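First comes the structure, then the notes that go with it.
Order of writing sets the chain letters: A, B, C and D. Residues in each chain are counted from 1.
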């Protein structure tokens, strides 16, 4: 069965390594912070200038001067640092953030990603996404495998305006965990109960499937 | 009579405008800080990362972590700020320092300056001088008009490796105050008791002298 | 040190010299750390044809959004503009020009502008619409695009505290773009919650040295929250 | 948060992995704010063929100068090297290569290296020997030269205090090049006067966020003064 948003987030969190600095995009990526495995700690970077983002504040803690990149009120953990936007993106662009997790409209077999603009609809802007995909060492894209009409989002070539080129290596969808290398998607894991055939049917880009594809473990 | 080092510094200090941020090079320029006219305040920038340099410390105040760009122990005034070298040169390169005063080996009629290297002798390095001459809005060069052999330091074209091009507008020597414009030195003031003829004799570059050249006032 | 006293007592003085068609760089991220009173003054002055450089353009009726009401903004340079119906309307009708710029590139353009660096290379935006028409150059086998710096006729900045010499500190994440904006204005105006005496802020804690600042004004702030999210205690 | 504990207990651990022919970026200005113990450890290790990037190269017998004694430095990238007889001797004999770099350009090269900016333009050095062989480009009618960024295999940094996560603050003008050096090392090692617990340094006062730092060691410092100048009380 296809994963829920929470399950996608859980699978993402399994990828976190102890002592990693992680930037989580809005939506499913942010949910992953709730599922960090026991014994593992990560520090969250929020690109508006906060390293060591904590949980949402209590009513008493709410402070208009303390927000995250999604413009939500947040707190800081003990040992957090706060800095300017230039410093924040020096970290990001300079490759100091270990993991970036973000959503996308489309990903292709070359590791290209489209996530910020659908021509004809209003453009809201790329925010920090282009810097994040250009700078992060490891990027995981989370998205549904296909759109609501059943069209695959894993393509041979992205059709929408790009956010970055040649930068995505891992995708976690509601159906599968895939790696991008050598111009193809490689199926690494299936969502529990989802068949290889369903994944093949919903993957438009070149897909390589090994003989034995394990199910995700939760 | 030729000005003493102190008198050159005094004449330099007369150029300071109230509320100016000033960077003073090692030697005569630094002396100028002692002669700031009454009613005028300037704030001294030291390029190792201090804005609001104060006087030398007393024995009790000496702190190895508190030095100026000449590596001398210093103090900070109330209202000073301390920052990194990158920030310090952002200020300098970005044109935020109002006045720079520095010494030179040679200056020419195009506003070029040579101040950091004499080939054949050991090269000690340019330190911050190239950034200062490239970035400052107003630069005053202080030096003796001629070297100890009587050779002019005000030339048609610098002979030594340059520190910067097209950047010097004013020179205060032991003999005169000169402005550089339109490819010539313009004699603005004479040291008290120094004749126009002596200045002409010791200026190798093109010199323009108006009918009446006033003496400096101290 | 009266020559260094940057404090002005009215918003008229604070924004004196702002003229039609000027470029204004504004600090702030969303509605966090924005110079509310300076923006209100620009609205009051009715200055037109402005190019505004800011990560966002406020929301309908608050922040830079209020400058859209009388069509004072000709061009917006921003990374994200998605919270504003009036913005959308003026964009679609062609009244408003928008130059979308990646957030990190925008921050760096402001910093470079203040630091006398006319251009720099970044991998951000290479191969995307942002890179179109820009010079591409390889370093160590990777392609980068050249981005030019930004400076403004005015920079409007929100700080927490400033002393009379213009030395500023920021509060929490209200720092954001403010320090870079402060360096990049020909005239930098800082609106603060509190004015303190020189020396009250320790020299090494100053985040914007006063050399970048021409005017300081004490404001009062609504500090509207865009997305109040809480957890139970 | 043990995964973020960067504190090591020996200089051997602090400099583990340093090999011949690596590039080391060092903070400090003159003898102010230099990582004395880390430099001593490099001398002890006897690593050769190093490229050292630092504003200065210490003095005879102190600071980076001690690495000249056993000819450990192959190349020095610095803005000012004029306080060192051994340096002069090795330079004249051709044993030591020197790349003189304007001080502001050097600081910016380190910052750019840490910030993922491979190159930038500056007017500094245009028309001088520093500009020779570098690309020249005009912006707004003024010529600038292109300068490339610097990164190091190691960065050695002196901070005042760091917490266990590597968040650092610097003391007075001992800050200088240290924050930029800290960003530009593949492995950044910070030697401090005091190690504090996370949270003791307020978040907005942290000058080097721990994300840039791989190792922290508590040192003890002589803090030699190069030019002690005083006035009578």
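As a convention for this text, a residue touches a chain if its C-beta (ideal position, glycine included) is under 8 Å from a C-beta of that chain, and two chains touch if they have at least 3 such contacts.
Worth saying up front: this structure is predicted, and the values here are computed from it rather than measured.
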item: Given chain B and chain D, the chains that contact each of them; value: C
item: Partner chains shared by chain A and chain B (touch criterion as defined above); value: C, D
item: Listed chain pair A-C, A-D or B-C that repeats interface B-D [over half of contact pairs the same by residue number]; value: A-C
item: A-D or A-C - the one linked by more C-beta pairs in contact; value: A-C
item: Chain at maximum distance from chain D, centres defined as averaged CA atoms; value: A
item: Chain centre separation in whole Å, for chain C relative to chain A (CA means); value: 29
item: Between chain B and chain C, centroid-to-centroid distance (C-alpha), Å; value: 35
item: For chain C paired with chain D, centre-to-centre distance based on mean C-alpha positions, whole Å; value: 32
item: Multi-partner residues of chain C (at least 2 other chains); value: 108, 111, 115-117, 122-123, 171-172, 175, 203-204, 207
item: Of all residues in chain A, the ones touching two or more other chains; value: 50, 76, 82-83, 89, 92-93, 134-135
item: Overall pattern in which the protein chains touch one another (line/ring/star/complete/other); value: other
item: Chain-chain contacts as defined at top; value: A-C, A-D, B-C, B-D, C-D
item: Chain D to chain B touching residues, read off their complex; value: 29-33, 55, 78-82, 88, 91-92, 98, 100, 102-108, 110-111, 122-130, 160, 171-180, 207, 223-233
item: For the chain A and chain C complex, residues of the former touching the latter; value: 46-50, 55-68, 70-74, 76, 82-86, 88-89, 92-93, 112, 117, 122-131, 134-135, 161-166
item: Sites on chain D touched by chain C in the complex; value: 108, 112, 115-123, 137, 139-140, 142, 144, 148, 169-172, 175, 203-205, 207
item: Touching residues (chain side chain A, partner chain D) in the complex; value: 17-21, 40-43, 45, 50-52, 76, 78-83, 87, 89-97, 134-135
item: Complex contact set, residues of chain C against chain B; value: 1-4, 111, 113-117, 163-165, 167, 183, 198-199, 203-204, 206, 209-212
